[in-house]
Amino acid sequence: AEELSFANFTPPFHTVNASVIEKMNADLMAATDGEVSVRGYHGGELGAGPVEQYVRVVQGAADIAWGLPGYTSSQFEKTMIVELPGTLSNEDDGYAAMWAAYDAHLAGEFTATVPVAMWTSEPNVLIMKDKVVRTPADMAGLKVRVAGATAAEVATALGATPVQMPINQVYNALQTGLIDGVITGSSTLSDFKLDEVASSYTFGANLGRLAFYAVMNEAKYNDLSDAAKAALDSSGNTAISKSAEDAWNATSDAGVAAARALDDNTFVDLSEAEAAAFADVIAGVTGAYVAKVGGEDALAAMQGN
Amino acid sequence: MSVEVTGFIGLATLLVLLAIRIPVAFAMFLVGFVGICALKGWNAAMSLLSSETFTLASSSELVVVPLFILMGNVATATGMSRQLYTAAYAMIGHVRGGLASATVVGCGGFAALSGSSVASALTMGKVSLSEMERFKYDQRLSTGVVAAGGTLGILIPPSTGFVIFAILTEQSIGRLFLAGVFPGLLLLMMFVLTVWIICWIKPELGPRGPRSSGAERLRALTGALPILLVIVVTIGGIYGGLFSPVEAAGVGAALVVIYGIVTRTLSFAAFWHSARSSIVTTATVMLILSGAHMINPFLALSHVPAFVGGALVALDLPVLVILALMLLMYLILGCFLEGFAMLVLTLPIFFPVVLQLGIDPIWFGVLVVLTLEMGLISPPVGINVFIVKSVAPKVALGDIFRGVTPFWFAMLFTLIVLIAFPQVSLFLPNTMFN
Amino acid sequence: MGLSANLGALGLLVEVIVIMIDVVGRFFGSPLYGSQDMVTMGMVVLVFGGMAMCDRDGGHIAVDLLEPRFSPAVNRFIDIISALLGAIIFLFIAYAIYESAKLSIMLNLSTNLLRLPKAWFQWGLAAFSIVTALGMLLRAAELSLSGRDIRREKATEL
């Protein structure tokens, strides 16, 4: 019997555990009659933080790890396209788009590993404190936390001042008013306790989303039996990726429902026309990025064209 | 040989290496590296060696370490620390151990600025140790006060300890911060009381000075205005949303440097000396933290915490006894592990039990963080004691451990009070949130 | 070693300036682009820049509880072993980081906003580690040949 180690930089209560790690373990055990199993190492037990996750798998510190292309965006220039506003609609399945583009356009960015799941988060929303945003003009001059370079351009296009800071400092920054808000998925409401400090939420604008990967060491993968390989998503199956994406959406829905239950919060659900106003302002950012990385074909594949 | 046995052998080896005076960081690197090699292979060990050192050295949170040390160094070079302690001496120098008590209060104030015990102990150590020496305070008392007082950093909000606990257990950060306020103040008072008792038994450790006149006090206080102003601006800037707690360290350092330039009390040579000395101290601290980060994956792979936790949970005992046993485990693990590594390794095992037994999770969080703080000053791996040693190289480590012992007992007493009276922790969060 | 410490001190100075520009700029609505990239990579330089000097100054903390119980010969032997162990650890760190730097180039890794190549900083870290290791080897040699301990001499100078 073989036990594969799965490096998880988040706590064991995080959405990823049940939807990816435990599912992968169950699927592999079932496919191999218990010969191959997966054990999660949580909270950075196999090395701290999200940034080095990919390298940990290549070097063999872990057999499998999950991470965000956004933390090492220079490696994932084309994969990152799936995150951009307008690439997908807020209702599209991100995992399906990523796998559709993988073989022809993204595989080159996954050197020395095999992706065993790829998925995206719930759509980004505006999470604000004390500032209600209904139109792009409402964003003028507000300080908004962003994760990466393209997100910073989105914020700038909206007239906001982008502030770069790690997600775990956002709670404090929102509380003290250092930033007015953050553009991110609503699963952070529960994951990083932002619901305690935020007071206004704007839904409906297409502000992109986050992408995720789970990768396995290439040599380890090649040593697996065909039955084991078939249980992982690299073999054309997308069960684990779908499970992850569904779970992210469920976490997000629960976080939003909990926040909506509090009466001191403001919820803005944009109409189609109001959402279009945001899309118009942001449109140039995605196009410029795709052109810069030569990702037109990858974009088309993600959009199913 | 089972992986657990490898884990216990590793811990025993670490103890022996430390006992024979192998530098702490080297011992942790050696045991961690060899242990990971044994459990997961050479490639994994090399990978962790490179990723853990680089990740830690490029951590955006630990930037506060060199910045706060620089602030402390420059404050000392420009005479600001001296002015602060001259003022404190004028106010309470006539009380036995008055300056040590003032240092405890200073640590409490600094804790409102910094979320980390390491930064608190470093900065307060830089500022206060030579000053207490100037007034003939015993070095065991002064280093002990700083090592213990520094631990207030993670009990009084903001606190990285509570943030990690909250994220690991899905509890409210806001509630935990509020829950830490009264226990933090209680502990602060216990530390002051401990200083008073020590100096009552042995007055020569913290000698009394003459009582100052009102005019002398006013003059001394005026002299300390610049540094007090820097502290007020830095704390005010955080709560006023001008900068983050991490940036506050940079702002504080910049302010003391600007003061030094404007008042011509800081030459370029003196500044450069302060900067170089800051990075050398930072290197010491970071190497120990990197070593602790090598032990962490080794223990995770050996399943030792899961093994010990599982055994504990399997016992059929009353709730309070299990709680006491869990805290005892933290005390014992705290002798070897860095506090946050310990949270990551143990909470996944303990926390479900805590919920199942109906123990209030916020209360548990306060108790655990206080226990972690005790681990920071207990031998052989007492990170805060090492920190103080790095700013007081002339004092023997044994003397610092001896000096901090009475404060360890003060913490134990506080822990017992907090267990007996959960309201001390829970009053504030329950009234503010409900 | 002096050079690496000076580079480290320079890193610290840059750190303070970058944070101040960022804080003041943000107040007026234009924060410094990529400040976090600069701060974290500056941190790498300053942490490892101080490493060599840290050993020179006897900065590596050891549990000295039993030191008085050991004979001078035993203590000297432990000092030599510690210096050698330290040298080996830093050579290992240098090698491990150098290997990771190759991977960083292969994966095109760089900081998120300013696109500073990660390999540059890994090479720097490896170089500082080698300087540190050489310093420790030198100290081990001095200790075993002449019994001279640079750290004690430094301590009395201070």
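Letters are used for the chains, namely A, B and C, taken in the order the chains are written, and counting of residues starts over at 1 for each.
Operating definition for what follows: contacts are C-beta pairs under 8 Å (C-beta built on N, C-alpha and C of every residue); 3 or more make two chains touch, one makes a residue touch a chain.
All of these numbers come straight from a predicted model, not from anything done at the bench.
Peer 1: Hey, which pair has more contacts between C-betas, B-C or A-B?
Peer 2: Looking at B-C and A-B side by side, B-C shows more C-beta contacts.
Peer 1: If I average the C-alpha coordinates per chain and also across every protein chain shown, which chain's average lies closest to the global one?
Peer 2: Of all chains shown, the one whose C-alpha centroid lies nearest the global centroid is B.
Peer 1: Cα centroid separation between chain A and chain B, in whole Å?
Peer 2: Chain centroid spacing, chain A to chain B, equals 35 Å.
Peer 1: Cα centroid separation between chain B and chain C, in whole Å?
Peer 2: 23
Peer 1: Where in chain B do residues touch at least two different other chains?
Peer 2: Counting only residues that touch two or more other chains, chain B contributes 46-47, 50-51, 54, 60, 242-243.
Peer 1: Do you know which chain A residues sit against two or more other chains?
Peer 2: 55, 59, 165-166
Peer 1: Got the chain C residues that touch at least 2 other chains?
Peer 2: In chain C, residues 36, 100 touch at least two other chains, as defined above.
Peer 1: How about chain C: which of its residues touch chain B in the complex?
Peer 2: For this pair, the touching residues of chain C are 5-6, 8-9, 11-13, 15-16, 18-20, 22-23, 27, 36, 39-41, 43-44, 46-51, 53-54, 57-67, 70, 75, 78, 81-82, 85-86, 89, 92-93, 95-97, 99-100, 121-122, 125, 155, 158.
Peer 1: Flag every residue of chain B that touches chain C in the complex, lowest number first.
Peer 2: 18-26, 29-30, 33, 46-47, 49-51, 53-54, 57-60, 62-63, 66-67, 70, 242-243, 247, 250-251, 253-254, 257, 272, 275-276, 278-284, 286-288, 379-380, 386, 389-390, 393-394, 396-398, 401
Peer 1: Of all residues in chain B, which touch chain A in the complex?
Peer 2: 40-41, 43-44, 46-48, 50-52, 54-56, 60-61, 158, 163, 166-170, 172-174, 238-246, 293, 296-297, 300-301, 344-345, 347-348
Peer 1: In their complex, what parts of chain A are in touch with chain B?
Peer 2: Residue positions touching the partner: 5, 11-13, 41-49, 51-52, 55-56, 59-62, 165-166, 168-169, 171-173, 176-178, 190-193, 196-197.
Peer 1: Would you tell me which residues of chain C are touching chain A in their complex?
Peer 2: Touch residues, chain C against chain A: 26, 29-31, 33-36, 100, 103-104, 106-110, 112-113, 115.
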